[in-house]
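Listed next: structures, encoded as structure tokens.
In the two assemblies presented below, subunit A is common to both, partnered first by subunit B and then by subunit C.
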Partner chain A sequence: MIVTSDQELKIVFAGPMGAGKTTAIRAISDTPPISTEVDNIDRALCDKESTTVALDYGQLLLQDGTAVRLYGTPGQERFSFMWEILCGGAMGVILLIDGSSSAALSDLRTYAETFHRLNPNQPLVIGVGRATCTDGRQLDEYADAVASRGIVAPVFDVDVRQREDVLLLIETLLCILEAQAPEADHAAG
Partner chain B sequence: MVARRIALVKPASVVEEKITHALQLFDSILWAFQGTTRVTWTLVAPEAAEVIVVHEGDPDQRIPAWRAGGKLIIEISTRDSSTSALVYPFKASQALALLERLGTQLNLRGAPQEADRSPEASVPRRSHEPWSFVETLRTIAEVQNSEAWLVARDDRIPCLWLRADGAVYAAEQATIHAIRRGTLNLASLTLQKGSLPEGGPSPRAGVELSWFAGYYASAGLAPWLKPTVRYRMQRWPNFGLIRPLPSHIRVAAALTSAPGRAHEIAARASVSTEEATRTLNALAVANVLVASGDEVLPTKIAGAPAAAPRGGLAVFLSNVRRHLGLGV
Partner chain C sequence: MQPASQRFAPHILDAVRRQLVELVATNTQITLAVVTSADGFEVAAHPDLPMAQRIAAMSSSLQALSEAMAREASLSRSRNLIIEADSGTIVVLGIPDISPRLSLAVVASGSEILGRLLWVTRSCSAALARSLRA
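Let's turn to the complex of A and B:
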């Protein structure tokens, strides 16, 4: 059977403002990502010049014609109504957190709980950028915080400017999808 | 530095696997803490030893004779015991406290022996037990001493520096590659107290070292894992720091969907049983593996299903991997 391109197969990149969603999509998208960015008026919250207000969009065009759409959710919580819309039917969510932010842990809890609540069976992979502690202990704390909420999700140190780091997150998402698939689907591979 | 001689005596017929593990753990602790304690313990034959470590139930007829001859006999038990000095699994701190007491006791008996300062004596014995290095990592992770550093030598040449809590290590790029490829026999390294050289290699996360040490230690299941038990992950290891092989991610993902034994996980992750076993070992060293039933599983609530590729998930995932150049 051939996968056709009229299906919406999508992966969502979520997380607070400045966590690197646009950068991550740019790292792997086959086409230059389309961003609906405007001047950032929340400079107190995140010091970057522009931010995404609706969504980022990129895509992977597979050899058989299948398009995998890559969506970046707007980071600001006042656009949270978009999260549910974008995540509906998605193959999985990659949550990006800025580890250098003083709100990193609370951001992680808020976003992980929100996306887990929207769809508990949807694979969730968490990437933490700019971690302040090089020995991994910061992320151990984050992983424990996620696990204590009954969410089994990988939490990795990443630098989304590096394509291989974004690919690590994608590969993990694919492996989780594979593991969740019925046995018959495994055999097909 | 005071030198003392110690012997570990394994029972002639081992009826319980735990006995071997208990003696291995004690051996690893001796090895890991060489140079960090007031007494230097050297492993020798029982006849030459001042202290002999035996299993509680060992019927060896030589034990009463050794005791009568003035040797200190330490009994390790593998089940609850009020009479044994150590009950397996014991903590490194318990073993070290016991060794400290024995050292004091021997000092009170007579003049301590000065440590041999010849170059040969400064090089500790090599341990070729496949799990000895991993056991050391597990032990120091438990002791949590972030003040000290240990230096690992290969043929007397320093090749790896390890902070004494195991959280950080440092090595030259070639050594790191060898660790990641499994071509450096970590179990053959000698480990002593030392310090990280100024301007030396940059520190890296210790979880990378312990992951690959656990993965390459043996094709068989780690001594502290049981082949009959189903395991699952309580959380994912930090693969961002470990940079695992693609097969490691598949095994880890397979463990999040359901608990399993090595062969079951292998089938689920489409990898060989050896690959699944080695990854289980690495997950255990990373301290993220639990026996099934030991923890509360996350609640599963039905949600909106994701769009399914019509050609089948396996074909789709294979296409995505090929497109992104991801290893399978």
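Let's turn to the complex of A and C:
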């Protein structure tokens, strides 16, 4: 499907707990996001005060009139039933990874495989936050990690608190959607 | 990962389990009772069914969603979550004045009367609050 103006798109933000999904949606949503954060008692897994248990929801209107509905998933595997629900009808997935985590690469493989399985025909774009990339080598490792699973996805070094960084992920996803569109759609668009 | 059940003293968990056992024993239409942390961990359940952990995670998600929806609709605080299905009912109630926040999810078969189910679930929730504060 080609991305044209005056249409609605659904994009899902996925990734492990603490990767910045809620922050990313807050950074770009035109309206105050709907949040389902509660106190986090599992400080051993991730030392943060709150955690999303159902979804985040925000909205973004692009310059061409495209309305993007932004859904954030809970990160923990026990909420995987929400992943399936939220991925229904999604145009693509933005996978966020905490680059400072010692489990970053294994998290990437696990979540990329899981969400690719849920959305096999939909593009995946990867944002690595808190990464210490000095020469790009680390990003190559992330790209290689997903490629080793047969998944092709662009990888970006991002600060999800920065609107421009999150928009870059969304624009990349939209570019992939356009590139995947049949010729007829391009001609019509 | 430390299970939520390890965050409470064993004697408190024993008291919680006893109350869940009593709730199920005295209300034969209730097929499962689960106490859940706000972030989706099973604290205690009776009977000990494999689905209890998933029901715990789902009840925390749905409760958070119902609270978000009540806020969005300017309805203040969400109190109960009720799911009426073809062959049964699920009620999720917050356990009052407990930190960290906990809730009680109860699954009942179709023949249970909703008002009665709400009443016994609320009574159990209040008793659980007393145990957890002890």
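To be clear about the criterion, the second predicted complex is superposed on the first by the 171 of 189 C-alpha atoms of A that agree within 3 Å, B and C clash if a C-alpha of one lies under 4 Å from a C-alpha of the other, contacts with A are read in each partner's own complex, and residues count from 1 in each chain.
Simple rule for what comes next: a residue touches a chain if its C-beta (ideal position, glycine included) is under 8 Å from a C-beta of that chain, and two chains touch if they have at least 3 such contacts.
Here the structure is a predicted model, which means the values were calculated and not measured.
Enquirer: Could you tell me whether subunit B and subunit C fit or clash when both sit on subunit A in the superposition?
Expert: After superposition on subunit A, subunit B vs subunit C: fit, no clash.
Enquirer: Would you mind checking which one, subunit B or subunit C, touches more residues on subunit A?
Expert: B
Enquirer: First (subunit B), second (subunit C), both or neither: which does A:Arg161 touch?
Expert: A:Arg161: touches no partner chain.
Enquirer: Tell me which partner A:Leu55 touches in the superposition: subunit B (first), subunit C (second), both or neither.
Expert: second
Enquirer: Output check: A:Ala143 vs subunit B and subunit C. Expected answer is one of first, second, both, neither. What do you get?
Expert: first
Enquirer: Looking at the overlay, what does A:Phe81 touch: subunit B (first), subunit C (second), both, or neither?
Expert: second
Enquirer: If you've got the overlay open, could you tell me the nearest Cα approach between subunit B and subunit C in whole angstrom?
Expert: Nearest C-alpha atoms of the two chains are 24 Å apart.
Enquirer: Identify the overlap between the subunit B-contacting and the subunit C-contacting residues of subunit A.
Expert: Subunit A residues touching both partners: none found.
Enquirer: Which residues of subunit A touch subunit C once you look at their complex with the stated criterion?
Expert: By the definition above, subunit A touches subunit C via 34-42, 44-45, 51, 53-55, 74, 76, 78-79, 81-82.
Enquirer: In their shared complex, at which residues does subunit A touch subunit B?
Expert: Those residues of subunit A that touch subunit B are 1-4, 7-10, 28, 60-64, 66, 68, 88-92, 118-122, 127-128, 134-137, 139-140, 143-144, 146-147, 150-158, 165, 167-168, 170-172, 174-181, 185-189.
Enquirer: Give the list of subunit B residues in touch with subunit A in this complex.
Expert: That would be residues 167-168, 203-207, 233-236, 238-241, 243, 246, 249-250, 252-254, 256-257, 268-270, 296, 298-307, 309-326 of subunit B.
Enquirer: Note which residues of subunit C are touching subunit A in the complex, please.
Expert: For this pair, the touching residues of subunit C are 1-2, 4, 7, 37-41, 53-54, 57-58, 60-62, 64-65, 67-68, 72, 100-101.
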